[in-house]
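Below: one structure, written as structure tokens.
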Amino acid sequence: MDTTIRITDELVLKNPVMSASGTFAYGEEFSEVIDLSLLGGIVTKGLSLEPSKGNPVPRIVETPCGMINSIGLENIGIEAFLKSKLPLLGQWKTPVVVNFYGTNEDDYEILASMLDSKKDVAALEMNVSCPNIKKGGIHFGKDPDYLYSLVSKVRQATNKTLLVKLSPLASDIAEVAISVQEAGADGITCVNTIPAMAIDENTWMPVLANITGGLSGPAIKPVALYMVWEVSKHVHIPIIAAGGAASYRDVIQFMLAGASAVEIGSYALRDPFCFTTIIEGLDKYMQENALDRLEDIVGKLKT
Amino acid sequence: MDTTIRITDELVLKNPVMSASGTFAYGEEFSEVIDLSLLGGIVTKGLSLEPSKGNPVPRIVETPCGMINSIGLENIGIEAFLKSKLPLLGQWKTPVVVNFYGTNEDDYEILASMLDSKKDVAALEMNVSCPNIKKGGIHFGKDPDYLYSLVSKVRQATNKTLLVKLSPLASDIAEVAISVQEAGADGITCVNTIPAMAIDENTWMPVLANITGGLSGPAIKPVALYMVWEVSKHVHIPIIAAGGAASYRDVIQFMLAGASAVEIGSYALRDPFCFTTIIEGLDKYMQENALDRLEDIVGKLKT
Amino acid sequence: MKDLECQIVSNQMVCEDTYLLQACCDFESWKPGQFVMVRINDSFEPFLRRPLGILAYHESKLELLYKVVGDGTRCLSLKKPGEIIAVLGPLGNGFRIPAGDEQVTYVAGGAGLPPILALAEHIKKGTLIIGARTRSNMPLLTRIQSITGVETLIVTDDGSIGPKALAADILEEVIQDSHLPGIVYACGPPAMLKKTALISQAKGLACQVSLEERMACGFGVCTGCIVATKSGNQRVCREGPVFEAAQIRWS
Amino acid sequence: MKDLECQIVSNQMVCEDTYLLQACCDFESWKPGQFVMVRINDSFEPFLRRPLGILAYHESKLELLYKVVGDGTRCLSLKKPGEIIAVLGPLGNGFRIPAGDEQVTYVAGGAGLPPILALAEHIKKGTLIIGARTRSNMPLLTRIQSITGVETLIVTDDGSIGPKALAADILEEVIQDSHLPGIVYACGPPAMLKKTALISQAKGLACQVSLEERMACGFGVCTGCIVATKSGNQRVCREGPVFEAAQIRWS
């Protein structure tokens, strides 16, 4: 039974189960509880040129079958990451995907070229879809033409596998995905959180200090599944799914819809050991369905 | 204690609790179980010029804290509605809002003018955001410029209160809302279902015969709340909220975010008697918070 | 239609994966073939109610017989006596009860048993054909075999009880020598219903089938549950779940 | 940190809205001030785990003391003996145990009781000040008053038990005549913690506070739970929940 997934020649996963950005930090805490070598891939917290403090608390709120976060991309900054986190992360036999974002175009370019030379980095995931920061993030990802030029620049700056992570909040996500593909991205991560908010009817105040945040978890899985399906009909580069995945069933569903791999985010906050359960579940599913190569099911939805 | 909500001079609700389109049919079934006079407003199933059969079954699937439907706007057509349903609906002391859609621009215009003369119709809700039909629906609602011209035409065709119902799937919902306001709409309904899908990992098939559908229910409430808040910051016409409301708490939250009234959709499928519970809950809330006029809290989120 | 908070009296496995639930309930009236929508939890999970046929209702006690097939029914099966479920019903049209002395035949397969049993226990005559996969799949055997006035024929896929046959095949034999007028009632998997309908029609017998479709509301407002009939789309939950077989456009 | 399926041994109301839960559990080690993340349901509702301080752990039995404030704790309060909850822990740093003969004072308010009780039961000396709203709000009275070596002072907002005062006010009196070195441990509402910190500082006493913040993971990966300290953002769940009061940037 072969669970290998080939995203690009440089990004080959031993199975389709990855961590998602922002719910796995830089891997250290998880390395104490699970064997990181088992994972298909590890995606880091989103990194910026300078360290970022993120938004004030409260920045987490629970919702029906999901959660909203307004972390605001708090991170230790690229320098500290390269110096103190990457060496540790690189030691596992699992590809490291570095998620990054800028607050202007130059940031994106500089970050990409800084990461380009790092042998422990298997791929870059470019975040143009975070709903939680004032400048950058989601605003870069809205206009297909603008995004085309931004991704093109980043493409010039690195030879590494380049994934671009999209927002589900697009009038036409296929159009956005096509721009990204034309600009030379190697793959698309689909999707980031959905802009959302929570209000306390007793205090008349927003629950989150940042007022708004991004919705994630099982609640949004049906939307993420749609987005993957929609994008997969329009692009030929690989898709990595994110959005509410919580079980091997979800992973199979995303793959049938067209994803090559699936990132597990919020659910791993609830159940840190779910990675192991999901990977085991996939093995069992393959056995029961007499599948030799897991990759064969990608996009095989019968319609 | 005054729970009256004034949307326009013609559309005055005795309280902010309304039915949503598509989960209340034409009121007959509900009239057998609850007193329709208690409701703030009744919104009919979406009507088209000709009767429509909708999509094949299955067209319902449950999801975490929500559901996806792909009904495809099955309806009896405007003629049959005017003849056999409206007279019954009009007898309750509750304003009737007729939801309608076209598969081309002319349809929208003709429907609006047909409804314009009907005294039992308090307002029109123009659906430009249904994800379930091939032509019409969501495609009309995506491009702000196109939508401006479509709403302008419909505006010419009727003097009735005109609400336009938006899709949450917009790169910039505020821009869409502003177009709608400029085109002369009297109010905005915010929001329709979010495009979504479900897949059966055992059969490798979509669960819905139509492949995709629209997500609704508590799962999407945080998104709908965000949309209402975002729109309310940019327009001055009244907003009617829809999306996952299930309790008087949700109604208050939507009102604080800027909605004048709230439609209850999916939750009423689960609990048909919830309208009464919610209305009672609002009364209790007003008492506990010493509120004289419920309308006073609209948009009063403390930020 | 009422929404009743019903206290569970008992909820026990009666055969592999199948549970018999008894709950205190307060219907004004009901008819065999009607169903209820059960809200399993107060929390939003599962979000929708589940449609279940009424197996019996007497002395303020409602009986449901259900098979655990997914999360909703699994969750229901974990409920203990004393716990509350919300029951919306009775819903749907129910079977047409024969007015005269027609010969009556019932065909039930799989989870289609409850409404058919309710009907047989009401009419108290005729022949009841039940198809199951295997013996361990057949619930309420003694109860079924002792329905007053009703002759029971059980068939299984593996012959572990009764002949190794399909219910619809047996039907053909049973109504072989039947006198007109007669009526056949059926509930079960679509393939069985279709076959039953064709056989009955060929023999000139009336046939009513009780259909299943995914439901959101169960009382007619969402049009989630339609079936194509010769007079257009009909709602299984409202115009049905019982239909004249001749009206259905079988797919 | 382990994720343990723990069977509930008992789960009883010990005073208005407050429950004592005992469950079989299997920690290798733990420290007073640590906490666990409790997964209440198998279903996705509630989605996140709930952080609860460890009240006690001995002979493979974990004790939690929690107040019902919302849906999650309400749902937990309905669990019966025999049912399973998933417990992730022990988490966080725990209190610094005094090495020498410092004078020890504890201040606990509201839901801040569990970690402080755990600590007092461990250190077995010092003065324990507890603030509650009213008598019916004070759980485990007998147990608290019999902690070996610890003197207990209870104050309430309404004087229904002990003086009518705030815990932090009493603190001022208690440490009036205290000899240095000394340490004050506190857990409770933010206002109380801040006041305790200021008083301790003014008297030149060390002070550790255990903080609460909304948490998603509880083990440091989401940065949902940060607190601003003099050395930047720190995660309450990982660098905390116990912090040197002097390090906190009180808002």
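Observations on the model:
A, B, C and D label the chains in the order they appear, each numbered from 1.
Operating definition for what follows: a residue touches a chain if its C-beta (ideal position, glycine included) is under 8 Å from a C-beta of that chain, and two chains touch if they have at least 3 such contacts.
Please read these numbers as outputs of a predicted model, since none were measured by experiment.
Chains making contact with subunit B as well as with subunit C: A, D. The distance from the centre of subunit A to the centre of subunit C, each centre being the mean of the chain's C-alpha atoms, comes to 47 Å. If you average the CA atoms of subunit A and of subunit D, the two centres end up 36 Å from each other.
If you average the Cα atoms of subunit A and of subunit B, the two centres end up 33 Å apart.
Within subunit B, contacts with two or more other chains are made by residues 63-66, 217-218.
Shared interface positions of subunit D, defined as residues touching 2 or more other chains, are 44-45. Taken chain by chain, the contacts link every pair, so each chain touches all the others.
On the subunit B side of its complex with subunit C, the touching residues are 22-25, 29-30, 32-33, 45, 53-54, 57-67, 69, 71, 74, 217-218, 246, 266, 268-273.
Those residues of subunit A that touch subunit C in the complex are listed here as 64-65. Residue ranges of subunit C in contact with subunit D, taken from their complex: 41, 43-45, 71, 75. Per the touch definition, subunit D reaches subunit A in the complex via residues 1, 3, 39, 44-49, 72, 86, 88, 213-217, 219-227, 232-233, 238.
Remark: subunit A residues 63-66, 68, 142-143, 168-172, 194-199, 201, 203-206, 211-212, 215, 217-223, 225-226, 229-230, 244, 249, 252-253, 256-257, 285, 297, 300-303 touch subunit B in the complex.
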